[in-house]
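Paired with chain B in one complex and with chain C in the other, chain A is shared by the two complexes that follow.
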Partner chain A sequence: MSAPLSLRCLLRPSAPVPRSITAAASTPSPWTATFSTTASAQKDGQKMGTPKKMSAKTKGSVSTHMNPTGKKQTMAKFKKNKGAKTGKPPLPGERKALRKRIQLSNNNALPVAGLVELEPKDLLDPTKVGTMVALPGEMQDSLRTLEAFKPTQFWPMFRQPATLIRSETVDLIAQMQEAASKKQMLRAVITGERITGKSLLLLQSMAYGLSKEWIVINIPEAQELTTACTEYAPVPDTEPVQYMQNNYCLKMIQAIKKANSSVLAKQATVYSHPELPQNIPINSSLLALLNAAKEPESAWVVFQAFWKELMHKDATRPPILFTLDGLQHIMKISDYRSPAFELIHSQDLALVRLFCDTLSGASPLPNGGAILAATTRGNAPRSPSMELALAQREAEQAGTEPPAHEPYFKGYDTRSEATLKSVKVMKVKGMSKLEARGLMEYWASSGILRATVDEKAVAAKWALSAGVVGEMERASLLTMRP
Partner chain B sequence: MSTEPTDFQPIDFQSIQAAAEIDLLDPGSAVPQSFFQKARPIPATPSYFTRTPKFNDRFLTLEKLSRQYGNLPTIPPSQVERVAWQNLEDLKLSLGERVKSTDFSRCLALVKRLHTIHPKLKPAVIMEALEPFKKEVQPFLAKRSVATVDKYGRAHAAGKRKSSVALVWLVEGMGEVLINGKTLPEYFGRVHDRESAMWALHATDRLGKYNVWAKVQGGGTTGQAEALTLGIARALMIHEPALKPALRRAGCVTRDPRKVERKKAGHVKARKSPTWVKR
Partner chain C sequence: MAPRVNVLPVFRGLSIRSRPLAQRCIAAQTRQLSTIDHNSDAAQSENTFSDALRARMQTYGQSFEKKQESEPSEGTERALTENEIALNQLQQAAYGLNPFDPETHGHKFGVPTLPISRDMNQKRRYDTVVEQVTKLLMKDGKLAKAQRDMAMILNHLRSSPAPKVNPTRPLMPGPPTADQLPLDPVTYLTVAIDSVAPLIKIRKYAKLAGGGRALELPAPLHQRQRRRWAFGWILDAVNKRPSRGSGRAMFPTRVAEEIIAVVEGRSTVWDKRHELHKRGTAVRANVFSTKLRGKKL
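Right after this comes the complex of A and B.
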């Protein structure tokens, strides 16, 4: 069975000129069909007397009815779909690579005229709320390197990656900008219901950071650090023992290097780092420092040296954006075990510790910046301490009575609570109808929403999804029902 | 005959004297002798010798009335006041007599005929005579209570499906939905369930115009979603009664009566038979 997308593109509405989303923001699109023509068009095609190919289904039914071979019949639904026989099982990691593949463009989607490229000031402009902006090519590469795109997001449906400016975006970016201008640090946790756009808000913050030449560091999935799927080793001379994850660190260093190369090339080291395997003289670039990490063995040491350089207070040092997705995973005991076969707390892993210390404000960023953590609702362990701490911070921000600990519950984690003692909580909720309309018009212009986008249609989709972005996508794009 | 205990006196049997015997052949009597020779006792009612005297009396009364007033003008049947008449069983019970169904049907035909007489000309005797034929409880007099929007603008209705019950409060608004304190996507993971819950509003183009606050319990997700459909449709009809035909076309008015079929003895489920085993 072929993908529905390719069928749709064959039956694209006839008028060739796609309208600009900015010009047509208030009027319904002239060419978007109010109904789907797919079924009737197929029917017409059959009527025209074109030589009908016998489909696989009809072939099967004829043969089974007549049963010429006399073989035992099996119902189609019980037949095993063996697929193409290539003779070789997929190589290790091949399946995962396919599963985690990020596809950022689709030639079947229509190009959206009038779609402007993202400017950092757009993300700060409250008048731009509800408009889509495209991510420039270079930024796409950086974001891809930083793994800001997730395979579950709807990037493969559109011609080019674009993002919606929401009121939450403007709010977050304004706070980031304010903090950076004062050389302060924004410490925030982004939380919210399932598929409300938490990860996308992180992506937007990274896009802002990259365009403003911040140093952007991202931990795309916190579970990769704590579910015991990457190698670990004790850091020498630490009490209590901390654990480094060299393989992961090396991967992260390479991502940092690739995504921030132009900024790092301009920054020079101020310390000599005798512990490094390679001599990095003072006043060489940070890029050269990171290049010292060639083997996993030296990755953690290099990262520490890099972090030490970043912590040097200097007016020329750019602000830092450090983001992490999946906060729950680092707010609990990890799956790693110590030599005594005791479970290790996630915050005894050196990289996680570094993130948590920064998030809690224990080790501030001297040159300003932002440290953002997003919670996740997919495959997330329960972290009662985190939930309570976030509820408390939220109540404090709202000026209401913060909730207290349950007196007889034993599953709290004091270290996690201490980490979240003074963070700012940003709750991502459903979109407003204005934002929903902007998004739906973008879908219609891309040719994947084949309906007139008017107030009625927006209200209908909005009511079905309560404005939650992912639910709107599920209700509008993943269904063939009008 | 009973005497009150307070009036009780010892009876003096000596003082009681029987009345003198009537001598019908007494020539001194004022009544002519021939009368007594031909006379025979006549019962007080013509039904004296029947087994159903009470019913017969009523029947005869009705017959007499219809002879007497049968010519009075009647009104068309559609305008006659609806009355629930007693059926045969009720009548048998109330009279304590065995009434034949043929007699009863003839009697009821008379009742109905007399009932159609124009109410302004209908004499009181007829009303009196018809009264015992009416059922004690008159369902046609009961007025159906009409639900209205309350002072806060809420319409309240209940809907059911399978074993789910939904209580719905519908108020004019921006299209927000709360079901058991959760939003629609939080409560229903399946898009299909969300669509069917909101179907009544969707089919009438009212999706962005009403806020829904609902409590649902019992059953599974499909049942709950469809119970909501019915509840919302009923609440919507309180706000806008004119939408009833549209809602009926959308299939939101009638309660789906289907329930789980009970398991039968000798079957694995309701209909499924056990696998045939050779001995």
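Right after this comes the complex of A and C.
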């Protein structure tokens, strides 16, 4: 019996014989031998022209990964170098770009019936607590530009990005609205345990700001400013010396421009800015002012001019929302060094200083708005001053005795404490069962959670995660039992 | 409270009765008791039961009465006294029946509906393929990491576009169509692995082929073994696959991409399977080799 004919017995009944097999059959091969056919014969046959050659390593074995043959293993340091790898290595930044890629839709997920698009009044409505709202397309683009979405969140699983309205959301947005209506400034720190939804609360506040045509500025990761991974230079004529981060500023200006273009186009400048590299006449739009930042060298100057314009008190100026994620990183000494090789305090970095001055209330926003900072618990440095200050503010809000400094501890940072002297602290806690149910029903109707969502299932996941939204996601969406 | 009625007749009758008779006997006894004790002062005895206990007793009595209704009964029905209920229960216990309602008694959260699904067992909570493959992914005994990787693999399969199946690389017959696979990632994985799983392995008999060479014979594999071979090959292909990104999601991404490549017929694993099958077909010629006489096959 010829080999290809025999090989048919191992094929699936429905399968046609692959072309490669029939092609191999046309050439005379040693497989047709009627008696002994051994490894050596097979070796000859492969030399003669069998199309694919198996590597010697994997020929008879299950896998080299699992080393089933019991072959003696060599220690890593004695292993021979396998030689240069072929193929082009990824370009600088390409690997990180892939790691930080944000995917906001998944066409496999089912469209959720009855999912309405977000409207600003929904975020203020206590009766909407526990419902999901979809982010409209334009807002998605703006939020993506502002880097409000994080790669660790579960956006890639669903057909379109949607967010849960929580009681914390309604609380925060109501305060923002109230402050803006009175032309005042809401200064708040959002804090809470890990993966309780602090960054998502910032996202919701940004969504509200964008839909209400505020000017939204976001610093998505404070650590990018203070871990010495972006260029810095001293700002001339400052005492004590401040440092500008031009590359980062340029990136931020471009984000502000793209996310708020329609609002900025309507606003006109009121000052002449002789220090700018380009002449911006009075009464040109703020968008034109930001367009002056084409090179990193001029970025900080342009940002300063832009901020000066925003600080101009005018009834037509919209409120400002300035947010920052990762507060701990700016509440400590940074990793940057001065020319004397001394470590620079984070608040000596000009952009951080600007944020901290606004947060502390030293330089208020004349047209109202909100300045929000969220703490981070994932990759955060220790910041005892911030922890203490937040605990004190929380105690003051609750009307209890605020905790005092530890008398023998030297790690406090007075500048950070001064910044957080009078902020409002908003604690994000676990969800209620109602909110958990809304979320789980959304997962189930997207086809991602393949289970019946009843009271028992909700209670099980809620109890497992203590209502912490990230833990619920881990228990339901990042599991081997989908 | 102990019943005041003499229970000795109950005990006397219990030993020799066979079980099919029990129900009828209980009914008869109850009828007898109800006629005897109708006016006894046991019914008016001081009530020392707590309310809850009494309520429970009455429900048991009612359920017992329901059973009685199926039988022809003479006389009118009346509510049983507590003593009678207790007696009935005692009698039921004597005849080997459970006097309490198993649905409610002794279970804080009730009893589960039967049959219990396979994955309700804590030790078998994952799909068989998923469990086996996860352990094959594991390195240095870090099972939790392997499980996380597996979850990420399944999520990647879920969120990548539906595969385009190559007709020359047919998948296992009977899976859902390709566009349904992403929403059922476990089936996706199973289809990929089972489709490239080899049917046989080559078994070697040392020095039997002459000249010190091994004599090779094809040997069938069990399903679990087949899956192990297939996933081993997939992992080999994964290790050769260049990593385009960085971070902890990279390994699961590469595995998931290889699985998609298998389903789409692009993977080199298919060639490995084909080669092995071809070789196995060839070495079938050795099955009747005289050298194998007296060998334990």
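Keep this in mind: the second predicted complex is superposed on the first by the 394 of 482 C-alpha atoms of A that agree within 3 Å, B and C clash if a C-alpha of one lies under 4 Å from a C-alpha of the other, contacts with A are read in each partner's own complex, and residues count from 1 in each chain.
The working rule: a residue touches a chain if its C-beta (ideal position, glycine included) is under 8 Å from a C-beta of that chain, and two chains touch if they have at least 3 such contacts.
On a predicted model such as this, the values are computed, not experimentally measured, just so you know.
Visitor: Using the touch definition from the top, say if A:382 reaches chain B (first), chain C (second), both or neither.
Guide: Touch partners of A:382: none, neither chain B nor chain C.
Visitor: Would you check which partner chain A:108 touches, where first means chain B only, second means chain C only, and both and neither mean what they say?
Guide: Second partner only.
Visitor: In the superposed arrangement, does A:98 touch chain B (first), chain C (second), both or neither?
Guide: second
Visitor: After lining up the shared chain so the two structures overlap, which partner does A:312 touch, if you call chain B first and chain C second: first, second, both or neither?
Guide: neither
Visitor: Determine, for the superposed model, which of the two partners chain B and chain C contacts more residues of chain A.
Guide: Here the partner covering more residues of chain A is C.
Visitor: Touch check for A:447: first (chain B), second (chain C), both, or neither?
Guide: It touches chain C, and chain B stays clear.
Visitor: What is the contact status of A:337 with respect to chain B (first) and chain C (second): first, second, both, or neither?
Guide: neither
Visitor: Just checking: does A:455 make contact with chain B only, chain C only, both, or neither of them? Give me first, second, both or neither.
Guide: first
Visitor: Taking the contacts chain A makes with chain B in one complex and with chain C in the other, which residues are shared?
Guide: Correct list for chain A: 478-479, 481.
Visitor: Mind listing the chain B positions that touch chain A in their complex?
Guide: For this pair, the touching residues of chain B are 174-177, 183-186, 191, 194-195, 198, 201-202, 205, 207-209.
Visitor: Okay, in this complex, where on chain A does chain B touch?
Guide: Touch residues, chain A against chain B: 193, 430, 433, 455-456, 458-460, 462-466, 468, 471, 474-475, 478-479, 481.
Visitor: Quick check: in the complex, which residue numbers of chain A touch chain C?
Guide: Per the touch definition, chain A meets chain C at residues 3, 6-7, 9-10, 12-16, 18-21, 24, 31, 33-40, 42, 52, 54, 58, 60-66, 68, 85, 87, 90, 94-96, 98-99, 103, 106-110, 156-157, 447-448, 477-482.
Visitor: Give every residue of chain C touching chain A within the complex, in rising order.
Guide: 119, 125-127, 130-131, 134, 136, 147-148, 150-152, 154-155, 158-162, 167-170, 172-173, 182-183, 185-186, 199-202, 204, 209-210, 213-216, 228-229, 231-233, 235-236, 239, 242-247, 249-250, 271-272, 274-275, 277-286, 289
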